[in-house]
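Got a structure for you, questions after.
Letters A, B, C and D mark the chains in the order given here, with residues in each chain numbered from 1 onward.
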Amino acid sequence: MVIVMAPEATQQDIEAIVGLVSRAGGDAFVSRGVNRTIIGLVGDIARFMNLNLGGMSGVAEVMRVSTPYKLVSRDHHPERSTVRVGNVPIGPGTITLIAGPCAVETPDQTLAAARMAQAAGATLLRGGAYKPRTSPYAFQGLGEAGLRILADVRAETGLPIVTEVVDAHDVELVASYADMLQVGTRNAQNFGLLQAVGSVGKPVMLKRGMSATIEEWLMAAEYIAQRGNLEIVLCERGIRTFETATRNTLDISAVPVVQRLAHLPVIVDPSHSGGRRDLVLPLTRAAIAVGADGVIIDVHPTPEQALCDGPQALVDGDLDELGRIVRELPPLMGRTLATGLTPVA
Amino acid sequence: MVIVMAPEATQQDIEAIVGLVSRAGGDAFVSRGVNRTIIGLVGDIARFMNLNLGGMSGVAEVMRVSTPYKLVSRDHHPERSTVRVGNVPIGPGTITLIAGPCAVETPDQTLAAARMAQAAGATLLRGGAYKPRTSPYAFQGLGEAGLRILADVRAETGLPIVTEVVDAHDVELVASYADMLQVGTRNAQNFGLLQAVGSVGKPVMLKRGMSATIEEWLMAAEYIAQRGNLEIVLCERGIRTFETATRNTLDISAVPVVQRLAHLPVIVDPSHSGGRRDLVLPLTRAAIAVGADGVIIDVHPTPEQALCDGPQALVDGDLDELGRIVRELPPLMGRTLATGLTPVA
Amino acid sequence: MVIVMAPEATQQDIEAIVGLVSRAGGDAFVSRGVNRTIIGLVGDIARFMNLNLGGMSGVAEVMRVSTPYKLVSRDHHPERSTVRVGNVPIGPGTITLIAGPCAVETPDQTLAAARMAQAAGATLLRGGAYKPRTSPYAFQGLGEAGLRILADVRAETGLPIVTEVVDAHDVELVASYADMLQVGTRNAQNFGLLQAVGSVGKPVMLKRGMSATIEEWLMAAEYIAQRGNLEIVLCERGIRTFETATRNTLDISAVPVVQRLAHLPVIVDPSHSGGRRDLVLPLTRAAIAVGADGVIIDVHPTPEQALCDGPQALVDGDLDELGRIVRELPPLMGRTLATGLTPVA
Amino acid sequence: MVIVMAPEATQQDIEAIVGLVSRAGGDAFVSRGVNRTIIGLVGDIARFMNLNLGGMSGVAEVMRVSTPYKLVSRDHHPERSTVRVGNVPIGPGTITLIAGPCAVETPDQTLAAARMAQAAGATLLRGGAYKPRTSPYAFQGLGEAGLRILADVRAETGLPIVTEVVDAHDVELVASYADMLQVGTRNAQNFGLLQAVGSVGKPVMLKRGMSATIEEWLMAAEYIAQRGNLEIVLCERGIRTFETATRNTLDISAVPVVQRLAHLPVIVDPSHSGGRRDLVLPLTRAAIAVGADGVIIDVHPTPEQALCDGPQALVDGDLDELGRIVRELPPLMGRTLATGLTPVA
């Protein structure tokens, strides 16, 4: 941490900071310039952050130097991690295709979407039973009935299930069905939910908040990690910007940036970022080429009847091309398409 | 709603839409242009939104014309509403000053802050017992112990309490102490929480999500209203933009824009929007002048020791000027400073 | 300036930087921490910025501490400046109302708008002869014919003229008619134009670029100042954000922030920021209340016939209220409405 | 175009619009709903845009349906275009690698960078002689001396030159040296410059404005096209968002979105978008994979001595990998690396 003093700061102000830092077990190095004095702090940043240094007399600015997240940081864990969902790996050597319907609507629709996903090369099934919707008048998901449908489709296809949980108090219920819990963009700073999914012992997919900086995203992951769960996969799904041609702006650069800062796998959601079917395959190619560890894609047997996000779901006619992409592109990146289905009972 | 067809849309595509709308109880008016056909829909927009019209063959774009929120809209409720917290009104004829510490830390600190607030003209006390923090290593609030402190300070000062709730399952507990429940910016799309505060029978202050459009903010209010609670006060607290000189960018224009769209009172938080003490008084003046129905301000007896947001809290030396502003500016707007303390028992 | 070294930086890397800084006439103070070393630089920041320190081996981050603009900074010029346009002051003791049509269309329209402006209390006339338009098919302004109309209206009314220049090579021509040159938001980083208006000896109004940070805005002003012209008025006119309810988001906080950093006057454009007539008066009140040194407002005798930005122009019915605002609000801020008309010949 | 009337609009308001549109040679179709009336306009949108329909009494909103750009639109020119710079194509069948130094500094540095570029597979040389810089104290480029160096390096290597022009009055001079003129992000709405490069008969590379919507970017291209020049290549270079981990946010989705709307080639600048060397190769792969028609990349023999943007330039050690990417990835996209050097005299 670096503290920049205001030009008018007094010697007493400087000494007050040095004393405070030293009482907190840190060291403070003072550099006096012509106009300003700079104080470099060495020690435990988490303790310093609780000191309210910015509120001290004479302080102009407090600049952080080291990262405020510890458990997810690559600083102390330089190897990139692989997270396993059932037998399916998500990590540096593979590309994992997760696909399925945005929302679970009926057993037939879910099974048909799962078969589509599998045909394209997917080894994990996505599907929402709890849908956070901007409008209270929109379809909110089937709840536990949806989870049961997902479990039936898993039994039929062998595909482990990734599904969203939106409330801390549903975490145990959802975890009793799901193989991986998803935390969505609107809950990216719902800290109670983050702590709950951190405690339940299932892998978690954490979507980036639509206006979360990369640092805030990693801090959200730290909330999960702090409860003892490091089986976290980060998912870039587009951020909010001034551009309205796409639903969100896919921040493709975030993939290599995050992979450098954190050891967790990073995947991309090309369906929700663009919000348009015609962008899904180009963005899938971009995601694999930039180095993502996987992609998560909406597919639907009859998107014109979908109760949620139909306009972005891939249809039957797109699956061959999707299959070609996830098989031909990974080798150029030194990777292979992830396999590892759970044997169907 | 207006549906714009793609240039290549067929007569069959158009008829399919007309049929679908008509089966949903609506009317569809078809305007054929040289390049494109436009279909105007008349009827219940909530039903149309579930039709997935954007996914129909031949559709280029679906544009909404009327508002998707009903209960909070001024369309059917042209008079602007007044919400009462204890005996204190928040609404069109008054300016209500809500002030207090960002976080409840100790009984002494909370009482001192409440006395500061009162001295400046505040008739409602703010203070957080549950603090959603970006970092899991930061102070998270005192929880129920903090609520008890607030209740004691209310008994001492007569100031009704506004305090944040961050989890749906704490709503009843918090409501048993608080006079008004606050939903914070990070929970602006935590729909379970919105529904819970909508059901508990206490006034609610709904902060704008830091990346919420005005429409999304009003939809969040609609979630509360739908559970039978129209005692909602909206609070503009800054949005996330590219500018980093301030913590957030106060969207001052949102105040008159929202007042035109919704009948609910709108207040401004000049403390959290700027994140800097030196901006609080100028932004308070701007908020009153633009027509806000109140302001909510952080004060702290010793901000250099604050566990949360000390750098933005007003101190003793600022209170005279704050008092002058909230007394002298409202009459120019045809308003008066809201009073109405609950008698101290 | 502070240089943060990467954890893997070597002693040799550190020495290379110390040597480079010292050869550039600066001092480098080295603070060694457990994980990282921090180097504080003291000396001429402009020279350091050309050293490409960020490209040196072992450097993780370069953080600026002092401001990169010198001439417009308040550091060495603590008194806030007053700029005079004709006899009209723009500065800390007054509120200056600048009003007129967005575009000069005809002599009658311009004179009528000038009379409207004057009736409301304006002492400077705005009006565009060169209009930068997003579409090449939109009205682009009358050019020099428009300047002649403005000069005629000045002769008739005594109002000094503020008008935009969009090309470096028109600066002399426009300056031969205008009392103040305006540089618009789309030219906020047209550095050749900034240098040209800095050399011509007329006051300049510099609008903020629609995506310019406050620092970039002040650097643009520095380009003008560097050519010897400190008669610069900064104009906040809204920034681009995700919100679409208003054309731009008025960054009202920028007014006090900039007034603290720079000694130049700061005014607000409530017409272009919101892009809606119904927001102009509320935003004018907010601008004066936050401490702006003036406002610039579109008025038009028949906005439904305006060739540019009609929907945001005030009309006759708004003028009484505008006049009331600019007369009653300034005294609360310890200011008066600026007067000082040039005598009509 | 669709006009949405306010709920309180009168029959007279509606008739006024129908009359106005009809006098402008268009047709107006009126759809009356329960709450609102919608008027669909058919005819010449450019004429309608000058009517100020938004300013008419009773109008709530004006929504455009067809595109406001004509010459660059794919509506009337469905085949995607190929632009030739010297003998080098930029278009749908190829990937073109443009590389070179950010700024021309010396003959040796420029030649060395050109050799690096060529070694990696580049067939066009980039290099700036006029550098628009945020700070007036930063290196501004060598001007015509830089153009002469570029011409010498072209003679030596056979690489046609792409170089930026920043002022309308330099266009002829720059065009006398350059094979392709670049318009930079800060000049994306410098309409005089756009018109000048549209008139000079050389291909143009138009960078996206850092806060330009896709529509504004295409309107800027329309300014060039309107002067008779359709040899335009669009370059996505990142937009400004709240994220600060990268200098800009590369809007990778813009590539397929623009290719669908306009017939012009679209390339990507992975150097300026990220501003970090470690992101250049991942973003280059993403750009090719998403379907870009080329990439433009900074290379520098000694980036730690660069006068501009050294931290993002590729160095010798990166060239093999760059060469591998631009040779191996295009075939997966059904493309080949563009060749076509001009024979060295």
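What we mean here is this: contacts are C-beta pairs under 8 Å (C-beta built on N, C-alpha and C of every residue); 3 or more make two chains touch, one makes a residue touch a chain.
Small disclaimer: the values here were computed from a predicted structure and weren't measured.
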(request) Determine which of the two chain pairs, B-D or A-D, is joined by the larger number of C-beta pairs in contact. (result) A-D
(message) From the C-alpha centres, identify the chain that is farthest from subunit B.
(response) D
(message) I'd like to verify one number: the distance from the centre of subunit A to the centre of subunit B, where each centre is the average of its C-alpha atoms, in whole angstrom.
(response) 27
(message) Can you work out the whole-Å distance between the CA centroids of subunit B and subunit D?
(response) 40
(request) Measure off the straight-line distance from the CA centroid of subunit A to the CA centroid of subunit D, and report it in whole Å. (result) 32
(message) Can you pull out the residues of subunit C that are in contact with at least two other chains?
(response) 211, 240-242, 244
(request) Give every residue of subunit B touching subunit A within the complex, in rising order. (result) 46, 49-50, 52, 54-57, 68, 132-140, 166-169, 186-187, 189-192, 210-211, 216, 219, 222-223, 226, 240, 303-307, 310-311
(request) Using the touch rule from the top, collect the residues of subunit B that touch subunit D in their complex. (result) 2, 4, 7, 27, 29, 31-36, 38, 40-43, 61, 63, 65-66, 75, 240-242, 244
(request) Could you pull out which subunit A residues touch subunit D in their complex? (result) 211, 213-215, 239, 241-246, 249-257, 260, 273-274, 278-279, 282-283, 285-291, 328-329, 332-333
